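A quick write-up on the structure given underneath.
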Amino acid sequence: MCRWLAYSGSAIPLEELLYKPDHSLIDQSLHAQLAGQTTNGDGFGVGWYGTGADTPAIFRSLVPAWNDRNLREIASYVESPLFLAHVRASTGAAVQQTNCHPFRYGRWLWVHNGLVRDFLRVKRELALAVDESLYACIEGSTDSELLFYLALTLGLEDDPPSAVERMVSLVEDTGHRHAIEAPLQMTIATSDGESVWAFRYSSEERSQSLYYSSDVRTLRRLYPERALLHEVSDETRMIVSEPLVDLAGAWKEVPESSYCLVREGVDELHKFRSR
Amino acid sequence: MCRWLAYSGSAIPLEELLYKPDHSLIDQSLHAQLAGQTTNGDGFGVGWYGTGADTPAIFRSLVPAWNDRNLREIASYVESPLFLAHVRASTGAAVQQTNCHPFRYGRWLWVHNGLVRDFLRVKRELALAVDESLYACIEGSTDSELLFYLALTLGLEDDPPSAVERMVSLVEDTGHRHAIEAPLQMTIATSDGESVWAFRYSSEERSQSLYYSSDVRTLRRLYPERALLHEVSDETRMIVSEPLVDLAGAWKEVPESSYCLVREGVDELHKFRSR
Amino acid sequence: MCRWLAYSGSAIPLEELLYKPDHSLIDQSLHAQLAGQTTNGDGFGVGWYGTGADTPAIFRSLVPAWNDRNLREIASYVESPLFLAHVRASTGAAVQQTNCHPFRYGRWLWVHNGLVRDFLRVKRELALAVDESLYACIEGSTDSELLFYLALTLGLEDDPPSAVERMVSLVEDTGHRHAIEAPLQMTIATSDGESVWAFRYSSEERSQSLYYSSDVRTLRRLYPERALLHEVSDETRMIVSEPLVDLAGAWKEVPESSYCLVREGVDELHKFRSR
Amino acid sequence: MCRWLAYSGSAIPLEELLYKPDHSLIDQSLHAQLAGQTTNGDGFGVGWYGTGADTPAIFRSLVPAWNDRNLREIASYVESPLFLAHVRASTGAAVQQTNCHPFRYGRWLWVHNGLVRDFLRVKRELALAVDESLYACIEGSTDSELLFYLALTLGLEDDPPSAVERMVSLVEDTGHRHAIEAPLQMTIATSDGESVWAFRYSSEERSQSLYYSSDVRTLRRLYPERALLHEVSDETRMIVSEPLVDLAGAWKEVPESSYCLVREGVDELHKFRSR
């Protein structure tokens, strides 16, 4: 199982979420608690948007995140209003930078936790479904990157929820044709630099965990002593595969087969279905 | 430009060819002489056959070969009667282990120097031509690995020269359909653990250099003071992209559009053509 | 906490102990059970003796061991009658090859689990105690490597138990002078290619775990269905920081403040004291 | 031989100097021209000051710089008014991050090209001369880092030229006592975030090359078509081991046994001597 987080709100140093919380993403990668039996030592990545830049920057590394000195420098130096981070536990594909999330295409970033079941049996057929002009952009060998390029093929840049639904449908149809019972397990976050969409879905309807942070105003009332909560804007939101801190009332579960949309002034939760 | 060597003969420690000659493969990677303007620092690999093992072992690394301590240990420890080594200068694809040569499939190894021109324009079409059962074995993103899986698709395991000719033909036809004038530049070595086939070919008939070593008995007469020449069998042969030592008469050029076959008691040179 | 194993007996492929047991060293590095809260993802190393070679070979790597493809190749290719392997969890020093165990000097290998408390306060004083001719051989920045060079300075090559006792005494005296209460925690294995010495000691007399394997003849009677037990000689022994398999009667604890000596035909357990 | 550059002036993206010039530092690392026979593939580092941060950030990597994707991202993202970059060609010490320049202590950065001759013979004695409180900060195994800690010991933070002169004197005296004829070869840059000091010196008075850029106003008159020259302030200066672009009049040699001091409004050249 991989782990990821998405942050949208006031610009903060990356280290505020990657290192400082009790159960930060880096700490999770060392000590699995809620979800997991395995260690996330198979690659780390973070992608962040600047203020005004067209393309997000990404840093991806194979050194276990907890001892990656370059990551620590970057996380302390970079401030960003919107970033996605990911720690990987390989489900088979090689440990290499091009298999680390987030994946990037133009302004878009993509992180995934989960898997395409029996991926090697359906990989070729799914790869053929990628638009010809996009095919050559695929650099790695993971199911996660292929899901991204399928979603791009199916209109991610125009209507993300609809494109992801069609991507899921295509993967499930392909899997079923190969007699794979529950072809897909996923939580996914994607962003264009302004909005974040986060999806929770699995063919078997037992999706891996996903949480979003409560309204910052509520959190300030509950935890007046937490300085960071007073520094960030009311609009600030986090979406995480596993809670970063143990604060009662701080995290709400994204329900099964749902997605959230987070953007300045917008905070929505919708049903998600394969179509 | 990449560089490679193939060795077949009496079992010797890998370091005898990788490190010890005046102009060893490792030294070539630091100081290009004959061929090149660039440094081969984008990955190293060596694959070797044991005595009796079904599958060759491979060691591939991203650390520049001249300072890779694991490679030095391995090269000193491992003795092998047949091995292929390669230093890479990337023509674009990511620097990662899965892009390092040799590539391996079952008993087969494969190294390549050269390129498929405008690879990203023809990559998808070539990938579709790979046999369905082989497609999922592709792990990296290079043209070289794809050429290997095309050759396997076209019968490499049964008749290597014919399979490589058909592979070349397929790549050239595909390139021409995309208006690419000279689609392919290659020197390639491949082995099943008993024979080595080495090909020199390019669509424009200006192929990169390839040499094979002279008969060991001749070399012994010419250079009676060279100890290694007296230790190896009469059957010992090397094929190299660039001479390893400056000994007059030691190296013969593989002619344009040709291939050699080397095996115990066999030493042949044939014309090679796209078909 | 680090983990390590030492093997002495019939030559076996490294993978028999590194990968195959239920709770192999590689598996331990992913899923701590007995001892640990943390993951051993900060470097892996194995050193092995050949048959006749003067100097052992070593392979050390920073990629988490469970996904290191070069390690898997080496572990399958190399057969050895005596090897030491180690997975590292850094207690502060940088994650780099020169900090990975085993350390090597001439014929000698050394692995360590534990730490010198408040190492940075005593590092300079300990480094000055290293023999002048050995000082320049120190390549990394760990306490473990420094303990090795202190033991070499104090006669490791002539009388290992006595040299290690004097090394411990020197470290404890130095620590006490700096008001460090319990200066040293250690399990250590060292070998010259013929014997293995394994030490369990800590200043506070609560040393980390250490086990040695029971007599192979006993194990064969207990577990007649285990093939490997019938292939190895009666003299075969393992010493491990944590049991590799859950077999009742297979492992005996090395007592607090003790050391074992294992060599063909010899199998001794002695008291160990700081002097 | 290593290569380095120091930049001081208007904040610019790192890539403007690392990648864009005809003969950028990254390009130099691939294709040695002026100085060198070898390739600089043994590690890259850049340290930069932000606007207001107390401590500079550093990024150091072992991947050959020309294909390091993280470096490319950082170089495009980070803008800085003062940075030091370095490509390493090892003279023996291990290729590892802690041996990559720049070295950092508090606000101070340090890069070095050159070597302490017969370093292993004098290493211990030089290490003992490092202040006790600084000794434990040494993380790597290079001569370059040790020179830095010697200079810090001898007052770098108070009077850099004088501290470097005393450091040189100490190294030469130590070398001479060991019968080493010309103990030191160096070009060095160091900075506290406001000033850059660059030294050119060698015991044999044949120091490796060092250049500083001409006055920007002069350059604008000579090359009115170069956009970057119009964007940066009049105070902008570069100091480089090898010219970045072939522009007549753009570079002046730092004379043998000299140092420059560059700071906003200050631009001085002085004699340098061992004392």
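Order as written gives the chain letters A, B, C and D; numbering starts at 1 within each chain.
Throughout what follows, contacts are C-beta pairs under 8 Å (C-beta built on N, C-alpha and C of every residue); 3 or more make two chains touch, one makes a residue touch a chain.
This one's a predicted model, so the numbers in the text were calculated from it and none came from an experiment.
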Same vs different contact residues, chain A with chain C, by half of numbers used: same
Duplicate of the A-B contact set - from C-D, B-C or A-D, the pair where over half of the pairs recur: C-D
Chain C and chain D, separation of their C-alpha mean positions in angstrom: 41
Chain D: positions in contact with at least two other chains: 69, 94, 97
Parts of chain A lying in touch with chain B, wherever the complex brings them together: 93-94, 96-98, 120-121, 123-124, 127-128, 132, 135-136, 138-141
Touch list for chain B against partner chain D, complex: 30-31, 37-39, 41-42, 62-64, 66-67, 69, 90, 94-95
Residues of chain C that touch chain B when the two form their complex: 50, 53, 57-61, 69-70, 73-74, 76-78, 97
